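Structures incoming, each one as structure tokens.
Both complexes below contain subunit A, partnered by subunit B and then by subunit C.
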Partner chain A sequence: MTLLNEKQSPLARFVARDPNLFRLIIMLVAVFAVMGALRPTIFLRPSNLVSMAKQFPEYGIMAIGISICMITGGIDLAVVGTANLAAITTARFLIASVPKGSPGGYTLSMILMGILIALTVGALCGALSGWLISRFRIPPILATLGTHQLFTGLAIVITEGRPVSGLPILFSRLGNKTLAGFLPVPLLLYALAAIIIGIMLSKTRFGKQVYLVGTNATAARFAGLNVKNIIMRTYVTSGMLASLSGLIMMARVNSAKADYGASYTLQCVLIAVLGGVNPDGGFGTVGGVTVAVVILQLLSSGLNMFENVSNFYRDVIWGGVLITVLITNHYLTEHKRRKALKSASEGCGAPWGNLGGVAPPGST
Partner chain B sequence: MSDYILDARGIRKSFGGVKALKGVDLSIRRGEIHCLAGENGCGKSTLIKVISGFYEADGGQFALDGESFTKIAPAEAIRRGLQVIYQDFSVFPNLSVMENLAFNMELMKGHRLVNRKRMRHIAEEAISRINFEVDLDERVENLPVADKQLIAISRALLYDARLIIMDEPTTALTKKEVRSLFDLIRKLQAQGISILFVSHKLDEVFEISEGYTILRNGQNVAHGDTKDLDAKKFAYHMTGREFAEETFQPQIVESNPVVSARGLSSYGAYSHVDFDLHPGEILGITGLLGSGRTELVQTLFGLQTHDEGQLLFEGKEVRFTNVKQAVEKGVGYVAEDRLTEGLFLPQSITLNTIVSHLDDLCSKTGFLDQSQVNTEVNHWIQELSVAASDPQQPVQTLSGGNQQKVVLARWLANDLKVLILNGPTVGVDIGSKYDIHSLLRRLAHAGLAIIVISDDLPEIRATCSRVLVMRDGSIIAEANPATTSEARLGELITGQA
Partner chain C sequence: MMLKKTLLLMLVACTTFAVFANGEGERQPKPESEWKIALVPKDSTNAWFVRMEVGVKEFAADSGLNAFQKGPAKTDAAMQVQVIQDLIAQDVDALCVVPVDPAALEPVLGEAMDKGIVVVTHEASFQENTMYDIEAFNNADYGAFIMDNLAKAMGGEGEYTTMVGHVTNASHNEWADGGVARAAEAYPNITLLDSEPRVESEDNMERAYEKAKELFKKYPNLKGVLGTSSKDAPGVSRAIEEMGLKDKVFVAGTGLVSECRPFLESGTLQYITLWDPKDAGYAMCSLAAKILRGEEVADGLDLGLPGYENMQFAPGSDKVLIGSGWIVMDKNNMDEYNF
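Take a look at the complex of A and B:
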């Protein structure tokens, strides 16, 4: 039980409010310290830190999308398909509308238009998944597996499987810029997405509804929530986030293709779970997901610095991390359940009234 | 041979630092029907689990069928003739009746291959002992609750049970089914089998048991012969509080109804229902499960729609197609199953309270006004005396009664005109039940229109000013609970004199 006591130090209060986030931060510091100690010359170099900050946003943003779907008790496996379809549409649009040698101002306005197009495609993709799930009650894992296949297929048909290149050079310049020497644009976009979704989840009506629907959809319906609408909006949000990821990828490789980032889907699920999103729904925060993204990026960048550890080991290590996290979560929930039972049975014998406002022993 | 099939002395059991049992005694004579009563969390379940070998006691000992134990293995308990029938009956819904009956026996005997002929033989023997007629090839999930219970009982008898513990066996049964269960229990008794009947329902305890043991807070508070017990003493032992019997007298009933039904029908659920609900009154609706009572009130709440007839809300015809429309008109619904339909169990008291009127607590842009939320939740926690240490506490850590209060708070926080309660105090301890009843009376006095659906007839008498009896989808009678005897109401409900 997390009774927030005025006398506690700010740190203790933070730990009590979100023990999972605290554990993740400890883990983050530990991974950072180990990597920094083993390879100080390479790992701590500013250029390495900046390059890490450029890498994680593209899948980090997708992970946030998957996370909000998981909080509703579902999952969005179509993020990568959505990202590629949105990127390809935008790429086609930019190539068609910006001939070589166009003036910079015109190009910029077309790029903004292209971004809007990508977000629209993402929203439509998410809406399709959300519609299948809420209207036909198809289990989210199957519905989004289906839409993923559909979006990827469409992308292949449109491009005939070839990369779409020849984008206005301004696009990838913008996307790869490092502001003020340390702030890469992808990181800025990630921060923006994380802050907006974080606030949405914790401070708005929609956010609360997402958690409630994920906890118990029947009770949500009985409480007068429009469950279909909430699910729809969640997947639309996820789709829009995915399309943003697609744009970042497109800027990084200066082209769009139907099968970019194919390994990201499961990686994002891993990040969500590591970040404390409950696969059964109802729990999870953007803060947790963010720390988890950074941990995984540190791990994979760190491993690249050991010449004798093959890159092939990455999957083995990530799989190991996921399984470890799942097992740890199992024990933590058990522990929490027992603690909850304990405090519930302490209330026994005085089940009404006179306990009000008084903390049972052991809760502080 | 000892006179007692079970004789437990000074059983102690702690979980972490919590003493669930503080030296409890329980003795059951051979062939006795004994009742173990107590409120939720008093240690009843822990005691059963110690005796059946699920938990190991920290102290004390018990004699089972003449043999003394300080701890017992579950298999040994079964060999000594102990069988526990849990609330969920531990049946496999996806398997056939035959498989459910015979599987355990087959496993115990160590057969590795399935022999359907042998299984059928075991199953037939099992049901014949209690003259239970059922299709052995039917899947158990398609059977009514009462039949699932009979399967669990016949399965227990296969093991030569001498003591059967039934954990709240009547929770999901209709009156008629309860009666046939009681007949069966008496038949088992005639065969020399002892029954430990775990319940907190007073009328059942009086009807079936010969001896009783009441626990409170992990201790024995009373035991003896049931014939020396009365309702008042029972309630006092269970709760440690004295209760006055109350009834509801409506004060000001407005003449204009807030809800009227005219020839309301929903195919397959109810037909041609007429009634008026006035502000200031508490209208009871009773009837068996499947009488259409739940479907009828769900129509008032937008969970179902009617096919024929008129539903009038404050004189205007309405047809709610979703819950939100009903909520906006000021209807609240406390669902039948608190755990699956009512609450978001792992979420906080706060979220559970504010869920149905997030709109009022949010700015136009959809941002939650946190200080208003806190003020409101704290107000309701105090107003309904919810026993909680922190509004952020998950609802699942609360007792049944306090959980129900949270559901009530959710609706009362809305600008409510009609409150519908489907089984307002199912699974709620006596103390909270009393609190909830007096709250309902207070709300009605303040001008709220309330519908209470219940098969708990004392509850109807304690709260309702009028009661409608439903049978097979029609309202067949209206009665005044103050002047109608429980027996007469029971006859109306079942249609049997």
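Take a look at the complex of A and C:
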């Protein structure tokens, strides 16, 4: 914990407040600069920037969900299963309730209804994971792996493995719209989700409780917090975010299927860790996750720009990035810990110290 | 506070988009040397599509055009959409796509066509947003071709049955029907096993093996099995070897060298048939280039490689083009194929 000095420049204060976010932004700028320099004619083209902005929200929102769970010291591997189950339910509902040629107003009201249905399904899915974790103390990684299988299995049973298509065109049109020529609706939804969750984590009591549970669940329990309830609400939030992702995917591919986005789960965990969310809990911000999502999208779209770089390398590059981040974080925490110990022995450390890099929740 | 910074960052990013977005114009005609033809497979790391890339590179070398393959690293419809979206943003001139899931690609391929990009698909005969879909062959003709191979192995006489993955699988059954029709018309001494004319392997090598053992025990006169699923021929071959029926009972069908190699080497299985993804990749790029040049696409179209030199429209369709692009693999040429 660096004491804030009023005389420091705004930049220095920003760096001191969240060094992780600062590092990520540097990385973002670096990736952007490298790609822009190597492929200026394609990469910097506006259509490419808009196209990237259309792509990342669907998994970015899932990554935010996984991140909140990771902040409590858990993880939600069921996000993709939840997203698909919610999308399939909504798709079935829309197909049944909106016959071809329905008036626009009626279709729109049914779409709103469908969105509510999706969010409800998402919340129920999350509640099941949360219940398994809080009631039966099943380790989150196993509990959500189980619910993921269950949701995907249900989705396969409902659809017999086939895509559900024939949605009202309006849904896909709304979901793929680019407002004012540069602001895709998915990006808007991502921003909305990021702002709401960001405020929830940093400003509300629930947010502080989430950090506290992740830092030390036992201490939280002794402090009189209802840990079970907090965990439950965390997974419900994650499930609802996942269902929103499911709707974005559904709009983009104009159909729903049990295995769309099957490869997103691990990608989202990667994003969360890259964004500075501590897998042991207690740490992480939506800002960090957002920058990490954008970095991965830049890398991914950037790699698609090199005709001669085979997609075999994609996983290698992503894995390389992740491991680099993990190692860097390790050294930085070590460095911080040693510094904290030193200053503590000199008698001027903060009363709660800074051992192990654990910060009090919400101390931004 | 930090939230505000993030918001500010987003706002800046959006404004940047807006500033750039005004500079975008309509597509301009380009010289051939600047054309970009991109082929998007289901999964670029899968052996089948690695083989397809060989065809794309061959086409690029033959034509001097810039043709390349770019695909998702996993078979995932959502990832495939992202790759296509990236390619559209990069202003490719033609997209050749092997859809993971045709329904999922309709919006993004529609977007591509709206932007004037040439779209060609493969193995997606019901795709709406495509200019042309290439199919390697007509299903009945391919079935007849498998029958020819089986008849050769059986020495032109004996009793046979057909095996499909599932009786609900449309293409497997069309192949089998084609084979049966061929036998009825060209091989008078080859007869279909009436009591069980079509058996199921459930697309599973183990099931094909068990089913074949059951058949051979029940019908000692059975001399041939016409397989359709790629799991049929190797599964039946294993049963033939285990029951010591080599050179007495024969099997022909679709197969992958990777799974059939030991049986081709031992001679239990003489031929497996398939279509070569390399040829399909070449053909798609070749068709895309023809469309870009403004050449007419009509019956008898020649895409410049064997099996695809006389393409025909499917009956009643002005989109689905069918070739005769099957191949036979045996002991001698199997090393050419890596899938």
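The definition used in the following text is that the second predicted complex is superposed on the first by the 347 of 364 C-alpha atoms of A that agree within 3 Å, B and C clash if a C-alpha of one lies under 4 Å from a C-alpha of the other, contacts with A are read in each partner's own complex, and residues count from 1 in each chain.
Everything below uses one rule, namely that a residue touches a chain if its C-beta (ideal position, glycine included) is under 8 Å from a C-beta of that chain, and two chains touch if they have at least 3 such contacts.
Not measured: the values here are computed from a predicted model.
J.: Quick check for you: in the superposed arrangement, does A:285 touch first (subunit B), second (subunit C), both or neither?
T.: So A:285 only meets subunit C here.
J.: Based on the superposed arrangement, let me know which partner A:204 touches: subunit B (first), subunit C (second), both, or neither?
T.: first
J.: For A:14, select first, second, both or neither according to whether it touches subunit B, subunit C, the two together, or no partner.
T.: Only subunit C; A:14 stays clear of subunit B.
J.: For A:163, using the defined touch cut-off, is the partner it touches subunit B, subunit C, both, or neither? Pick first, second, both or neither.
T.: The second partner, subunit C, only.
J.: Tell me the contact category for A:252 with respect to subunit B and subunit C: first, second, both or neither.
T.: second
J.: A:222 in the overlay: touching subunit B, subunit C, both, or neither? Say first, second, both or neither.
T.: first
J.: Take the contacts of subunit A with subunit B and those with subunit C, and give the residues found in both.
T.: None.
J.: In the complex formed with subunit A, which residues of subunit C make contact?
T.: Result: residues 1-3, 5-7, 9-10, 13-14, 16-18, 20-21, 23-24, 44-45, 66, 68, 70-74, 76-79, 81-83, 85-91, 101, 103-108, 111 of subunit C touch subunit A.
J.: Which stretch or stretches of subunit B touch subunit A in the complex?
T.: For this pair, the touching residues of subunit B are 15-18, 20, 39-43, 216-218, 303, 322-324, 326-327, 333, 335, 340-347, 351, 354-356, 358-359, 361-362, 366-368, 370, 381-382, 385-390, 392-394, 396-399, 401-402, 410, 429, 431-432, 435.
J.: Note which residues of subunit A are touching subunit B in the complex, please.
T.: 1-4, 203-206, 208-209, 211-212, 215-216, 218-226, 282-283, 338, 340-363
J.: Considering the complex alone, what residue numbers of subunit A touch subunit C?
T.: Touch residues, subunit A against subunit C: 14, 17-18, 21, 25, 42, 44-55, 58, 163, 165, 172, 176, 180-183, 187, 191, 194-195, 198-199, 202, 249, 252-255, 257, 259-264, 285-287, 290, 300-301, 304-305, 307-308, 310-312, 314-315, 364.
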